[in-house]
């Protein structure tokens, strides 16, 4: 019994790591993505509604079978949940299994199915590496984001106190003001729709906007340069150490050779002295 | 008496450098920031006005006590004012103490309280380091900013002389013209709202705008590249020197060894010559 | 007969590699480009239509003759088609030879002639190198583009499901939604024309837009930094290896010298021992 | 007579290189710049017209005297014109001397006077260096600009042929089309004012615009990265060579020491052999 089980697990493991299996999964993910996209074309969908529904169920079942295979191929179930990407896949697959027949829940079910496209990221190793690299760079950016948030908050409060009477929609409270400031930071209609109407009531409003833009640009540029230099410094130090090690070993060997020479000479000197004596 | 005083100072010093104290201060700053933000929601505020006022006073008193503790914990008061960040905290706290009951002064009092959020920067060491790094990069950017200002001034004067008749609001005088040029530099409606209306009167106006944009982009890009390379060069030189020093020491030691060998050989040669003689 | 042929080919080869020939070709390409540009000025063209037509035929004939010369100058015709740029030139020249007298085909014929300007790229070696460098950087960018497409697709599907009722033109189906998202990614009227109208129906729409913008900016910045560092690392490693090799050779030579010294000393020691014995 | 002349030249030379003289010149340039700016405020100017005119003449005379002093301080007049910045100053000063009383010429005279502000660049050494660095980077960017111009030209011709019927103002001829494309490249109203109106007639116009934007962004980014890497590579090679030289000298010295050792040993070996013989 246990042997049969073992054989099955080995077979599943071979299946899981087979190139064709991976390609099939990727193809099904792409099909599922196209299905989601097709559903956004309302008119066309109504005609093929039956086909769509059938395909939807087929994709859901395939994903379920696939994840069960990958779970069964693992020596212990615990090993499966040890990898972050497996948990990610498991959540996406199970989320789309929850039965939501209620007409109100249909939208949520649809939204959950969209996230199946993300399984493409967990299936392609290069994308997985890219995402890992992105996550690594988050802490480096954390404090800069905090600093920028503080600047947005202060300017938001200032703007809300000063300009609330000019345009309630743009400066009505601190949340609206911060959204307006984000619009200004992206340079979208910042002059024609935000600055000039404000300057009609407060002619010196340009000081507020220009200091905000300069402060933002200044911090952003410095952060960019800082990150580039930071990463570079670490890497060039690593290279330096590596190439330095080879040379250091060579130099060390040379010094040992010279020390041996000295010992030999000392022996010879002793010989000579004895001869003389 | 003096001993009691000493003991008190030590206690305050321990309190000041306690992690829980720092966390409390940061929490109060965040509360004070939320309070400022909440005040921008006019309707809600009127309901809780009494609570708001009470909280405001509480925060002000807390900040006063906190800065007094930090001053008392110092051996001499002079030491407290030696650190730039302490002066910064002191100014922010005292500014919010000035009594401004006058209805006209209320706005100013509010604005001053907003700057309390900046105390977050002085409390978190990582943000303090970030700000210090930003200040260091100012002189490097100074001359580039001056050069850009000269270009803005010349184009502003040109634009004001040439296009004042086209749109008094955009090109009326050199200040307005420079503001318009800043709008053009951020690419905000530069073509639809500035270039095309001008080209209806002056068909060759595009030369003015395109040269301005290219000049700006060219200087800006070169400045960015220049700064990155400048900082990098310094750092890679520093790394080079450091890693070079270790090797240089190794080489120096090796040379000393070889010189010792020579001395030993010279002694042996003398012995041999004497033997022969 | 064969000799005459050989002489002819040599003459054509000398002609092809002559500086004046290259300059003539470049001049004719520029003339052909100006001709295409001139045709866009409808009124003027009608006056000089006969001249235009004559010039057009002349340019076509010249390009045909030029490519025939370059083909004849080659030892074997196969060699001509071995270079990518030759195939590129051949396709452009032959495409404009297809007779398209049909009034409907005139537009296509015109469009094909525009691509003759691209022959400037294949004629100037510096531009050819630039294009080659651009092609080399495509694979490095491939996976990032795929990742960004996945993000656009997911946000497009989400936006189409959520906001289709708000503005059919912007969010009607996934294609329109992705185009709208591209507009948002370029910050063009993203707040005034897309975000604010959507927020009137869905007040929390800003979460959708802000996460999209931050995600995009974050991936884009990381990609840029990644590429710069990647290329740099490779180059600095290459430099390191090169400069390291010289030193390593020097160190190696030194070690050989020291070993020779040891051999010499061993011989001397043997001599001394024999003297003593 | 000649001696008096010599003394005068020496005095002028000392004057020219005096710090106070330079500061005076810079002050007068700033005053002249403020004068130009003030003239753009029409109403104010009419009141102080007499003062303005007097100041204008004073500044012109000062600049004339200053350049004459600098010319006289030179050993030979030819030496003065050898420096590019001197020619630059000379042209700016003489251009504002041309009498233009004609009411039509007044505008030109005004424009010429604006360029006096540029003398600030020639007076401040740091700005002079910055400009020199900018000029050096021009050739590196030349071919990329040419490549981008070719792309603009081809897309301009295509756009003019395809979309001229949609909007005569935007796509009427190749010049207008290239200007529209520049607007698209800066992302200014590219979707709302250019893409969407065109898509109403040509639903596939998005292919034209998206390929254009991607091509531009791709070339621009690669150029930026290319320039950064190019400059960096040169500098890191220079640093490498410099630091490498010190070490190479040390290694060379060490090898000489070891060779001396060998010579000494050979002499000793000869001694020993003779003893034995």
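Remarks
To keep things simple, chains are lettered A, B, C and D as they appear, and every chain counts its residues starting from 1.
The rule is short, and it goes like this: a residue touches a chain if its C-beta (ideal position, glycine included) is under 8 Å from a C-beta of that chain, and two chains touch if they have at least 3 such contacts.
None of these values were measured; they are calculated from a predicted model.
Common neighbours of chain A and chain C under the contact definition above are absent.
With angles rounded to a multiple of 5, the C-alpha fit of chain A against chain B returns 90 degrees of rotation. The most distant chain from chain D, with centres taken as the mean of CA atoms, is A.
Homomeric contact chain C/chain D: same residue numbering on both sides for under half of the interface positions. Centroid to centroid, with C-alpha atoms defining each point, chain C and chain D lie 28 Å apart. Centre-to-centre separation of chain B and chain C, using mean CA positions: 40 Å. Among the residues of chain B, those in touch with two or more other chains are 187-189, 228, 232, 236, 240, 247, 251, 254, 258, 261, 265, 268, 272, 275. The touch graph of these protein chains is a ring, one cycle where each chain has exactly two neighbours. The set of touching chain pairs reads A-B, A-C, B-D, C-D, using the touch definition from the header. Within the complex formed with chain C, the chain A residues making contact are 33, 36-37, 40-42, 107, 110-111, 114-115, 117-118, 120-121, 124, 126-127, 130-131, 133-134, 137, 141, 179, 182-183, 186-189, 193, 224, 227-228, 231-232, 235-236, 239-240, 243, 246-247, 250-251, 253-254, 257-258, 260-261, 264-265, 267-268, 271-272, 274-275.
Contact residues of chain C toward chain A in the complex are 143-144, 146-147, 150, 153-154, 156-158, 160-161, 164, 172-174, 177, 187-192, 195, 206, 210, 213, 218-219, 221-222, 225-226, 228-229, 232-233, 236-237, 240-241, 244, 247-248, 251-252, 254-255, 258-259, 261-262, 265-266, 268-269, 272-273, 275-276.
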